[in-house]
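Here it is: the structure, laid out below.
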Amino acid sequence: MKRGIYMQSITVEILKKVIHNRPQNSFKGTFGKVLIVGGNSNMGGAAIMAGSAAVHTGAGLVTIATANENLTAVHTSVPEAMFVDYCDDKQFVSLINEVDVIVLGPGLGNNQTAGRVVKTVFTNVKSGQKLIIDGSAITLLAQNLSLKSVLPTAADLIFTPHQMEWQRLSGILIADQNDVQRNQQAQQALNATVILKKHHSELYFPDGEVYQLLAGNAAMATGGMGDTLTGILAAFIAQFKEPLGEVIQAAVYMHSKIADELAKSHYVVLPTDIINNLQGFMKKYCG
Amino acid sequence: MKRGIYMQSITVEILKKVIHNRPQNSFKGTFGKVLIVGGNSNMGGAAIMAGSAAVHTGAGLVTIATANENLTAVHTSVPEAMFVDYCDDKQFVSLINEVDVIVLGPGLGNNQTAGRVVKTVFTNVKSGQKLIIDGSAITLLAQNLSLKSVLPTAADLIFTPHQMEWQRLSGILIADQNDVQRNQQAQQALNATVILKKHHSELYFPDGEVYQLLAGNAAMATGGMGDTLTGILAAFIAQFKEPLGEVIQAAVYMHSKIADELAKSHYVVLPTDIINNLQGFMKKYCG
Amino acid sequence: MKRGIYMQSITVEILKKVIHNRPQNSFKGTFGKVLIVGGNSNMGGAAIMAGSAAVHTGAGLVTIATANENLTAVHTSVPEAMFVDYCDDKQFVSLINEVDVIVLGPGLGNNQTAGRVVKTVFTNVKSGQKLIIDGSAITLLAQNLSLKSVLPTAADLIFTPHQMEWQRLSGILIADQNDVQRNQQAQQALNATVILKKHHSELYFPDGEVYQLLAGNAAMATGGMGDTLTGILAAFIAQFKEPLGEVIQAAVYMHSKIADELAKSHYVVLPTDIINNLQGFMKKYCG
Amino acid sequence: MKRGIYMQSITVEILKKVIHNRPQNSFKGTFGKVLIVGGNSNMGGAAIMAGSAAVHTGAGLVTIATANENLTAVHTSVPEAMFVDYCDDKQFVSLINEVDVIVLGPGLGNNQTAGRVVKTVFTNVKSGQKLIIDGSAITLLAQNLSLKSVLPTAADLIFTPHQMEWQRLSGILIADQNDVQRNQQAQQALNATVILKKHHSELYFPDGEVYQLLAGNAAMATGGMGDTLTGILAAFIAQFKEPLGEVIQAAVYMHSKIADELAKSHYVVLPTDIINNLQGFMKKYCG
């Protein structure tokens, strides 16, 4: 039941509105710095997919802060990205300070190290930066009062929970998550954008607007798809910047739209398929 | 000589029967969790090919439990999959408990560690889970009484021996393996499905039915082809579930059918060729 | 403001002039030896992209001297290239002595180790060798008097700064870098070729000629694009040799021209896209 | 000057003669076991390219015995191949005993370890096995009396020197290597097949026949091309077996012929390009 709130649909027009021709006189700095924070030794691939997505979407500079064990996999899989050991506090904090957009969570896991990493990010982000909180970072935050207490207030926050993570974060049971108003109340309390990932994902924005994504399909229901979305989101925000709500809508729409096109010929659409089609798709829909 | 038992042929119809359109309102959990257990430091590629096949076939979530030395190769080659060190008992057992389908054996080797890994799987699988026993795991089981004594009885077992492995497991010499009845007796004693891999592979099911695979060709006779089959089998079982016999037939048929198509233009068909064609093939034969 | 100096445009004709058919009776030594020096543990991808570009451009033999942590990423990503640990002084110096062209800087970083690496190269290059100084190596040189004092005088030097690096090296603020004459004075003081990378890059040659590159586009503004250029430059110099000025022009032009072609279908053009198109492009423009 | 000896040309007919349809009732063992021995930590890529070529050419089973540092690069780049640390004597000797064809030398280097590896192979190969001696292994043999004294006499030897290596091994200066008779005398003294790699490579067979290769082109003059040839040779011998002379001719011819086709569209033809075209080419020329 969707009580009282009108959910607008995101349509293909958002792409032409957001994806514009690059200014001729530009350099890589023009298109922003993205930091992906994630990938413990069990889930290094998640950070790699997020980073690779950010690179292929056109972020100016991408760094992947991950477990030290993932150094080689990062350099081999995404040579365009820089690597940082997220346990190397000095390098890590220095990076957090200099980037425009941070993705926190893909494949981060939920042990003590992960908690420390989340805390380091939370306590170092500043006003003007955008912080995308995904996956394990949402779970850690939901379960850990000491993290809640340092949730940044100055940076723009974007949460990308799937339904179980939203249940953990908001306290709203999955069965009750069709209550848009209740979702919105929880989102407003977070003072953040919330992208609730599900069949027909919903986007809750700080200004009270709610959007629904009708693109997307079941061929996308596979591990790593969410990690890929975070990289696309980060790169869109890094390069297209404002208005933030529209940039987010465009990123989310594009991720699913590429999958819809690929699903015509692929029974399952993998993250790497999406990544390989980003450059061509963006060119086609460039306004 | 095939005494008394009628072997049915698996035909292309099985594909449309088993591969169905994904339900719209689904998420990755809908398509099951697969655990690949294999890959010692000499044969890490085997576990990688099995895992990559499972990912490309559409399993919801794939984890590869392998030797610690293979961490980077896994993250680089199959970023969609998670990695676990199969010597890390705590993580390993916890994973065994939560997955739907387990592949045990590709590239596992037959030393003491391998024996311990097999034992850990055997003693932890539970009713409702499906266990595919392949390669070295078959040999270890055949040669090791203490493993035979803990062969699971509650889980559904699927053995995928080639002829020499079947000789070891069943005691039937390769020269005598054209005796379908004798094969069946040995299979029934195992209370398992047996996929006897050879020119025109034979499938022995618990209900007494025997199927023969006429698809497949000599271009497939190359290292890693069997590892790839296990990944496809696991992903089919994880997502299509029931009836198990038909799901297995479809997986085995598809593996060879893709190879038949590729053999028209490839002198040898490699595992990675099969893997790269899974998504398109499944879309084409989706019922 | 461009005072007094006429900047010639580089045109497509330079390609047919420089890229000629290979002599039939040749072997890999004919096409020169390239050494890429760069890639600390954070930026191994930079050295990999430079090395891969050199291989795909047709250098006879390519070696990548990099941090030891990058061994596996190098062998996996560029199997055609050899690996050397740049902290292994004996191997490193021996290599410097035997190659034709050295690229110094991609992803090298600016810590003490990097400084030592730069010094080792500076103090070992000899007359007849070509040394391309890029990225961090420029910054280190700009900031370090002891390195300035050992800047080689016998080898041909080619600097490839972006605008900020040129500011550091020349002391000319970015805002003043449209003063061609002043750039030239600084370049002449270096007794080197300077490729000033920006929108419409400028090439300053030791003979006083100045060229401007009108090819190139904003889709190239992404991390790693400069690393790729160094590899192309090195391979051109290694195989086409003389006249050095024209060979450099052709390399710089080609790098941007390939990107222009790719930008018709790619919103962002990645280093790996350039690399994958080198062989076909060179064939097409072979004189 | 070619005194007295008639050099026959290898023609395309050799392909249809040697590459035949695979027997239907076959398994991977039918197509032989290949062992690649090479790749120290500096040149791991050489062993990888040789192994990958053997896999793509259709060898039944391929193992790469290389430096331990190359484990991950092997598993990532050639998952179909097995890895062995060539310093692990027990595993290494056991493998030498069970394979059909051994390639010794690609990227092996010439330090003490390399010498030990060569000696281990020399002292363990047996009658009926084929041993391809390439690259550093030729140089080591040429410079080391103690290796000469254990050069195997029972196995079939195939040397693949380029001109400098042939000079080292035979004592014939490069300038004198157009003296076919003299080359042949040196080859006969080795009691081996010699493939002298140069513009128009020459093949000297134990039965006194000499063949010349007119295929091939300067686009192939790049690092790793010889490593790739050894893998193709090994896989041809492993699967097509007899008559050995013709099988060798076909392998050498195919390697260059694929490069000739690719050189129509590629300015430089890389080892990986050859490798990626093996399966399709062999299908086209299958007799």
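Order of writing sets the labels: A, B, C and D. Residues in every chain begin at 1.
The working rule: a residue touches a chain if its C-beta (ideal position, glycine included) is under 8 Å from a C-beta of that chain, and two chains touch if they have at least 3 such contacts.
What you are looking at is a predicted structure, and each value in this text was computed from that prediction instead of being measured.
Engineer: Compute the rotation angle for the C-alpha superposition of chain B onto chain D, expressed as a multiple of 5 degrees.
Structural biologist: Copies differ by a rotation of 90 degrees.
Engineer: So which chain is the furthest away from chain C, centre to centre on CA atoms?
Structural biologist: Computed centres place B farthest from chain C.
Engineer: I'd like to verify one number: the distance from the centre of chain A to the centre of chain C, where each centre is the average of its C-alpha atoms, in whole angstrom.
Structural biologist: Result: the chain centres lie 35 Å from each other.
Engineer: So, what's the distance in Å between the C-alpha centres of chain D and chain A?
Structural biologist: 50
Engineer: Please list all residues of chain D that touch 2 or more other chains.
Structural biologist: 72, 76, in rising order.
Engineer: Pick one for the touching-chains graph, please: line, ring, star, complete, other.
Structural biologist: Topology of touching chains reads as a ring, each chain with two neighbours.
Engineer: Using the contact rule from the top, write out all pairs of chains that touch.
Structural biologist: Every pair of chains in contact is listed here: A-B, A-C, B-D, C-D.
Engineer: Which of the residues in chain A end up touching chain C in this complex?
Structural biologist: For this pair, the touching residues of chain A are 19, 21-28, 30-31, 55-62, 71-72, 74-76, 78-84, 91, 278-283, 286.
Engineer: Please give the residue numbers of chain D that touch chain C in the complex, ascending.
Structural biologist: Residue positions touching the partner: 41-46, 48-49, 52, 69-70, 72-73, 76-77, 107, 162-163, 198-199, 217-219, 221-225, 263-273.
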